[in-house]
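For reference, the structure is listed below as structure tokens.
As written, the chain order gives the labels A, B, C and D, with residue 1 at the start of each chain.
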Amino acid sequence: MSGAKQIVAKPMIVGQPALIVVDIQKGSFVPRPPSSRLEFMPDAVERYTRARTVVDAAREAGIPIIFVQEAHRRTMVDFGRELDGSESVHCLEGQSGTDFAVEELGMLEDDYRITKRRYSVFFGTDMEILLKGLGVQTVIMVGGFTDVCVHYSFVDGHQMDYYCRVVEDCVSGSSYRAHDAALEAMEYLQAGARRSAQDMVDAFAAIRQQA
Amino acid sequence: MSGAKQIVAKPMIVGQPALIVVDIQKGSFVPRPPSSRLEFMPDAVERYTRARTVVDAAREAGIPIIFVQEAHRRTMVDFGRELDGSESVHCLEGQSGTDFAVEELGMLEDDYRITKRRYSVFFGTDMEILLKGLGVQTVIMVGGFTDVCVHYSFVDGHQMDYYCRVVEDCVSGSSYRAHDAALEAMEYLQAGARRSAQDMVDAFAAIRQQA
Amino acid sequence: MSGAKQIVAKPMIVGQPALIVVDIQKGSFVPRPPSSRLEFMPDAVERYTRARTVVDAAREAGIPIIFVQEAHRRTMVDFGRELDGSESVHCLEGQSGTDFAVEELGMLEDDYRITKRRYSVFFGTDMEILLKGLGVQTVIMVGGFTDVCVHYSFVDGHQMDYYCRVVEDCVSGSSYRAHDAALEAMEYLQAGARRSAQDMVDAFAAIRQQA
Amino acid sequence: MSGAKQIVAKPMIVGQPALIVVDIQKGSFVPRPPSSRLEFMPDAVERYTRARTVVDAAREAGIPIIFVQEAHRRTMVDFGRELDGSESVHCLEGQSGTDFAVEELGMLEDDYRITKRRYSVFFGTDMEILLKGLGVQTVIMVGGFTDVCVHYSFVDGHQMDYYCRVVEDCVSGSSYRAHDAALEAMEYLQAGARRSAQDMVDAFAAIRQQA
């Protein structure tokens, strides 16, 4: 129990996994140049496109996929403090960029969909109801921003006792610097949390073969 | 509503403030050398000691102070996934380092005290009941780790619509690098969130004079 | 502070009110005869129809109206323990009875809508985000069942410090007996909570004139 | 899936059980005559005394016991809307009646204890952290009031997917009428939820012998 004890990572997938696609929406596939507020990452679209490979592998292995959309009411009543910082008005209902990326991600009619108003996918949503219903123990995240919605969803999942994993080449941040720091923070919480798309696709293929 | 719109920081204190002292416990005043797991910050004790000046200024101004303690049951039943990463067993009930830092922080009998099991001061606690009862709109945080309990408490407060501030020279991180990144992340969420102890002491003194 | 102290009801509306329409969906307007599981109330449709008068009065007074729908995913993954008791499968997504009662209640495009998976309108939804955004202090409920979704939404609202009111002739129960008991329970929690549609319509008209 | 389908009760105990003792505190053993506000039940003390037999049987079977105490801060800041109805000021910290009933219930040093500010044992507490840590699936409740803290804790447990049971001769209500209605409401939610102390003691004895 000493602080010097070796850290041993848990298995990548413990029990029933679920793939959570965090805020990869129509607008995520429109390249965004750096602004005075947000630097973004130049390879963001590439990263979200790569997430599709993980989605497809999950689908083939029968692993539940939960697509999460951030959307704000057009009256802007539900932004809370979200406009006090670096983010400007975003994800209004009815804007084309807010829609689920149905074609881009190959979403099907019966896929699980959750709409959220805040950063964490657990905050003010039925995510935990759904995860309990599915018997999920491990949540695997792709999407964006690495340092905001992904990071804070990871933290909530972590505090709710889920094994949490982040596919580091399928997430994109508000800046490279913030992206890197968030990945380090997630790895701090759960050793072995950072994984590659290839690792995850391989693991899903192995699950598929066992089934 | 363009992304290029200038960010204008809100006032430092909006409405009723409360000072939240996050996990400054007896053990926080024992210097900890870097371990193989955690680097710590060499001036941590200095930073927690400085927090006392903010506590005292809040008290003089009649601003509510909420002291939060992390404590885990001795059976270790409530660690959840907290031992899957960089942290080893910590803050067991009954260990001397887990106690509230009564003398070090000048705590009084009737100060508000909250015990938590997770990182966020809101998770599994009566913090929101208390903040609502006090009519608080702005929460000001000191304590540690900057990048864990402070950061994730800030995020929850932010998502619950509180104006959140962090006193950057009264918080200490699991490493300098993580500390800096967390402060940047908080500033990203709410512009002007990062404040100095001197700023806060001055603001509290001004409130005191108005009262 | 003695137990014998007189109970003095608070004003019917304190601060900003909102009207919450609990689970009055398309199917609510289809008369349901008693079954071996549920007795229902023979005047249920009449009661839900009367709720329309309160909705209209709220709209004229500019009081926010929040329409809540219970809906379960077709895979039935999110029923939790809801089928362990008197209720059978209900409110599946895609069933006509599950739809919002747009015409029956005169719902408009921009009305607030919330979908829930559990009994309480606060459980796993963005209700509190919305109420905070609207600055609501008093929640007024119509809908059904009085003893299930209305009662347990009232209890959550109560525990979250909202002034809660129930329009007793615009709610309908799983049985008369259960309906009556639930109304008594709500009145126990907040004296003066039980109100008539007429009281509410009059109060809303008064607010309208002040505006 | 028709409403006429027979209701089949689930087993009394599914998976890992825990016994939750709701608000049986020192003051619960002081007989309270009816007041103008609350009728109480004349056999309340007898009922809480009987709860001890269930506590003892749980202990002998190695079933976790969680003692819950309602306590309000002396500044009364955390009563929320609890004084708007039939209840007057109650359970202040530091009052003798607020203490855990250590001797009366045979509590041990290492028993799980939770302090709450609201009716539900889940609201603003670490109850779910603890239940998850213990791997609990079935929660069994004794205590009071049947129609307030027990009922609303049961409802939250129900909505969180726990199998919920109430020991009907070990709970006491704010009145007989309200007690009966609450028991019916709990049975509505989960068939077979109402059980006797004898049933529970027998079941615990059987678990003990299996161990």
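Note that a contact is a pair of C-beta atoms (placed from the backbone, for glycine too) under 8 Å apart; a residue touches a chain by one contact, two chains touch by 3 or more.
Note that the structure is a prediction, hence the values are computed from the model and not measured.
Student: Which chains, if any, touch subunit A and subunit D both?
Tutor: B, C
Student: Looking at chain pairs A-B and B-D, which one is connected by more C-beta pairs in contact?
Tutor: A-B
Student: By mean C-alpha position, what chain is farthest away from subunit B?
Tutor: Relative to subunit B, the chain with the farthest C-alpha centre is C.
Student: Between 0 and 180 degrees, and as a multiple of 5, what angle does the rotation take that fits subunit C onto subunit D by Cα atoms?
Tutor: About 180 degrees, rounded to the nearest 5.
Student: Go ahead and note the Å separation of the Cα centroids belonging to subunit A and subunit B.
Tutor: Between these chains, centre-to-centre, one finds 27 Å.
Student: Just curious, how far off is subunit D from subunit B if you go by their C-alpha centres, in Å?
Tutor: 34
Student: On subunit A, where are the residues touching two or more other chains?
Tutor: In subunit A, the residues touching two or more other chains are 80, 118, 123, 132-133, 160-161.
Student: Residue numbers of subunit D touching subunit B in their complex, please.
Tutor: 73-75, 77-80, 110, 112, 116-118, 124-130, 132-134
Student: Sort out for me which residues of subunit A touch subunit B in the complex.
Tutor: Touching subunit B from subunit A are residues 1-7, 9-10, 35-38, 80-81, 84-86, 88-89, 118-120, 123, 147-148, 151-152, 155, 158-164, 174, 177-178, 181-182, 184-185, 187-191, 193.
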